[in-house]
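Two complexes are shown next, each including chain A; its partner changes from chain B in the first to chain C in the second.
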Partner chain A sequence: MNDRFLMSLGAIALAILVAVVLVAPTSAAAQAQKAAAATVTKAAAPAKPWTAPRTPDGQPDLQGYWTNNSYTPLERPKDLTKEFYTPEELREAEKKAAEREEEQTVPGTTADVHYDFTQFGLDRSQTRLTDNLRTSVIVDPPNGKLPPVTSEGQKRAADRAAERKKQGAQYDQVQNIPLGSRCVYQNAGPPMLPPGYNPAYQILQSKDTVTILIEMLHEVRVIPLDGRPHAPQGYRSWLGDSRGHWEGDTLVVETTNFNDKSAFRGASENMKVTERFTRLSDDAIRYEFTVNDPSTWEIPWKGEMPFVKINGPVFEHACHEGNYGVANTLKAVRLEEKKAAEEAARKGTK
Partner chain B sequence: MRTRFISSMIVAAGLVLAAMTVVAQAPAYRAPRTKDGKPNLAGVWQAVNEANWDIEAHSAAPGPVYQLGAAYSVAPGLGIVEGGPIPYKPEALQKKKQNFTNRMTLDPEPKCYLPGVPRAMYMPYPFQIVQSTKQIMMVFEFAGALRTIYMADQTEAPADSWMGWSNGRWEGETLVIDTTGFNDLSWFDRAGNFHSDALHVVERIAAIDADHLNYEATIEDPNVFTRPWKISFPLYRRIEKNAQILEYKCVEFSEDLIYGHLRKVPLK
Partner chain C sequence: MRITLAVTITAILLLAAVPVWAHHAFSAEFDVNKPLTLKGTLSKWEMINPHSWFHIDVKGPDGTVTEWMIEGGSPNTLIRLGVTKNTVKVGTELTIEGYQAKEGTNKAVGRNFVLADGTRLFLSLGGSVPGTPGAVPESEKK
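Presenting the complex of A and B:
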């Protein structure tokens, strides 16, 4: 993770925006496309109802290697009202986004100084995309946007911003650098959203436990299925405390006990996330989630996206252990400061 | 009469002996089975020993940070190495001694680096075994380390890593794990015991009763040791009803140690 990656996310968002503006149809056409997209979804479904394979313990088998790699933004881009792209529009949006992601690695450009995203597989186009036709991950509110933030949530956001400001500039100390660049936390969720690169997941099941290995930062979610209560409130964590159970063929996971540092989209530590994993076919899992945090959003909101099968294995992502970026950046900034101070002193003596 | 008595005593003694032999040969503990018929080693486990300070026998000693006083002083331990000192090559023993001297800056543990194998198995924190048919996962609290043990679809290590590449098999009651593909960066303990990237670890794990596992590992590394050597210790089940692996993301806690000197206002 690095700041350039964050910048590239912005670029991708812009690219998608541009793409969708270009292909945005009239509202009548939008209706037709929505119907077409629904047909595509239906057509993609197997003729016979899918029977999820079972583990030896008789549970629906979600095991294997999966990805949620996509360019689908959490919120629907501005000026776009339809819920689904047509497959052609999606191809176009993905192609444009991939081009933007590649563009920044043109040899000899400033953007290319750090390292080549495409060479090291850090761009999305080199991993299988989920080909999600939705124009946003958020499905409720139906406009695909986060619901209004409560006054408490607004105050918290302002307080957090003020606190960050008090800590000084971004490179004054390591603690001011974004969490992802520090290998502390990056989109692990829940909800589990595509991290941009390393979008691989490995699910393993036993009778009373589901584990989800998240390749990015080698996070592991260990989810007990034995009906035990959540950990006491005194225990707080980045990924929260998850409890799972089966509802028919769907794995339902409820997560609480977050800390106030991950602050997912401005959430409080009282956020509760409910996830639903349903195997749709040999190749796909439907992933749905509900975020409930009345102290941040006026109403709960929901998202949905697929996970699709990829080849394993998931390799060790020892991010912190190999983090030269943080040390080198801080060193460079200190050097610049030293040079500036020397320059100022020289001018002062003249 | 007397002779007969003596001979009957001898027969009786023989019977007792035979019975004892039968007891000795009685099968070891048989673990409960998973649905696919394998010994079920799932659960939250933890070593209860002082090996993370030093895997060899050692006395109590002051810790490397005097400000922490007795809270971070070396707890005495009998060691987990079987049969005498670790068979270092002479030059490797020198390096081990240098490691010890410079442990404050060289030990990967304070930096929150992945602990490697076997160190992850006896750090003083719990880990969980999650057992499926084709794979077994070990999830460690410290640094969120993990191991996937491939029971099927086995391959060689695709590249070197901190936690190595583990292929497993069942030998009766025993889970045998063969791990290679290590980098040369992890240590065995806080005392500077180390290995190279030629490290090869073969672990044997079997239940000895409902709440204990016996853990053995053979350590082989021709770059560092003159011969393979063994460690062994029990693993204890965390029998609390609510035992679970908690999140111990230690990266944040290591950042001032690693980057503190690069602050705009350096840490004192």
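Presenting the complex of A and C:
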């Protein structure tokens, strides 16, 4: 299959989407078709009828190694109003984004104090991209932006900021250092968003469980399918408490019982995330999610993006083990404080 | 052991890539006011997360050898792309331009790694090696 053919398929898929929206915007069939066309990847328009693979238990088979590596932002950029790029526009956008990542910083600036991502194979363009034609991960609200934050959500954000301020500046105390820097939590979700680098996942299934290994930061989601109720309210965790079931060929996972520290985009511990995994082809899974937290956002919001195949394995990340950065940073702050105290004392004795 | 022993501090005019996203604020760990250039040989590459560390032996004008630890990128994606510890062998001569750690010991972030022949170290093989873990599976190549 050559690229031109793939691009025509993408164009056809878009045309179907537009036609469906124009002709029958409210019918269930139209909605289903719209959903089917919504995640348009190179692989999402198969050349011949495709049968979803099954596990030996007869369940739709989502197993394998996957990536969500992408330049697609969560929210639609200010200068864009359309929902989809054409394949040509996507190529151009990805090319520009790759060039920005390779761009050189100015010596002596804060941005320059970093190793070079390109030298270490960490530019997103250096590994497989999902080639998502969407201009934002968020699909609802239709403007591709997060919905307005409730007054309660605003107050919580202010309270959290005040609490951090009590600890001093961002790098003064370990409690204030961002969770990702402390190797605690970084986009593992749910919802599972691209972590920036090392975007590798493995899905494993048994009759009663789906397990997702997430390379960043060495997370494992174990999702029971046996209909058991959620854990008691008192149980709270970073990744929450997930329960899954099948709706046709789609795996539906509902997650509650988050702690109040993961605070996804300012969410409360009462956030509920519903994810839907649908195998689109040998090469792609459509991943949809709904975030519902009435105490934070005025309405629920939805996102969608593909996962595409990569070769395995998922490697152990063992982030905390080698995280000398936190100790180095805190030592630096203590040293500066000591110097400042000595300087103050010296001035005092003059 | 101070930088004057083995290190020439220069106003570095070379350029490094834009950190579009980062594991932590490197400017909190390393000092933008302490740029340095180190020339030495690799004694150990700690391929660890969240960032790898290169240990290099730097010989001063009086022959004294000082060990420096240089922070580089996460190894996971590199390993998926077919890079191994032997891709940069112990004993490799490296010139590293970077910034010294604020905590004052012989640590730095390596904003540019240059090989003895003057070329920039470029670890990523870009998935171009068939069958390497991060490459597009052969079955999916169009």
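The rule is simple: the second predicted complex is superposed on the first by the 277 of 350 C-alpha atoms of A that agree within 3 Å, B and C clash if a C-alpha of one lies under 4 Å from a C-alpha of the other, contacts with A are read in each partner's own complex, and residues count from 1 in each chain.
Keep in mind that, in the parts below, a residue touches a chain if its C-beta (ideal position, glycine included) is under 8 Å from a C-beta of that chain, and two chains touch if they have at least 3 such contacts.
Keep in mind that what you see is a predicted model, and the values were worked out from it rather than measured.
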item	value
Partner chain in contact with A:101 - chain B first, chain C second, else both or neither	second
Which of chain B and chain C A:295 touches, first, second, both or neither	neither
Partner chain(s) touched by A:313 [first = chain B, second = chain C, both, neither]	both
Touched partner set for A:268, first chain B, second chain C, both or neither	neither
Touching partner for A:235 - first (chain B), second (chain C), both, neither	first
Partner chain(s) touched by A:331 [first = chain B, second = chain C, both, neither]	both
Touching partner for A:321 - first (chain B), second (chain C), both, neither	both
Comparing the two partners chain B and chain C, which touches a greater set of residues in chain A	C
Partner chain(s) touched by A:126 [first = chain B, second = chain C, both, neither]	second
Partner chain in contact with A:283 - chain B first, chain C second, else both or neither	second
Footprint overlap on chain A, where chain B in one structure and chain C in the other make contact	171, 183, 217, 312-313, 315, 318, 321, 326, 331, 333
Residues of chain B touching chain A in the complex	34-36, 42, 108, 112-114, 128, 130-135, 137, 139, 144-146, 148, 150, 153, 155, 158-159, 161-163, 185, 241-242, 244-247, 249, 251-252, 254-256, 258-260, 262-265
Residue numbers on chain A that touch chain C, as the complex places them	1-3, 6, 42-43, 100-123, 126-128, 170-171, 177-178, 180-181, 183, 196-198, 200, 215, 217, 282-283, 309-313, 315, 317-319, 321-326, 328-329, 331-333, 335-336
Contacting residues of chain C [partner chain A, same complex]	11-32, 35, 46, 48-53, 71-74, 76-81, 83, 98-99, 101-104, 107, 109-113, 120-127, 131-137, 139-140, 142
Residue ranges of chain A touching chain B (in the complex, touch as defined)	55-58, 63, 168-169, 171-175, 182-185, 202, 204-209, 211, 213, 217-220, 222, 224, 228, 231, 235, 237-239, 312-316, 318, 320-321, 326-327, 330-331, 333-334, 337
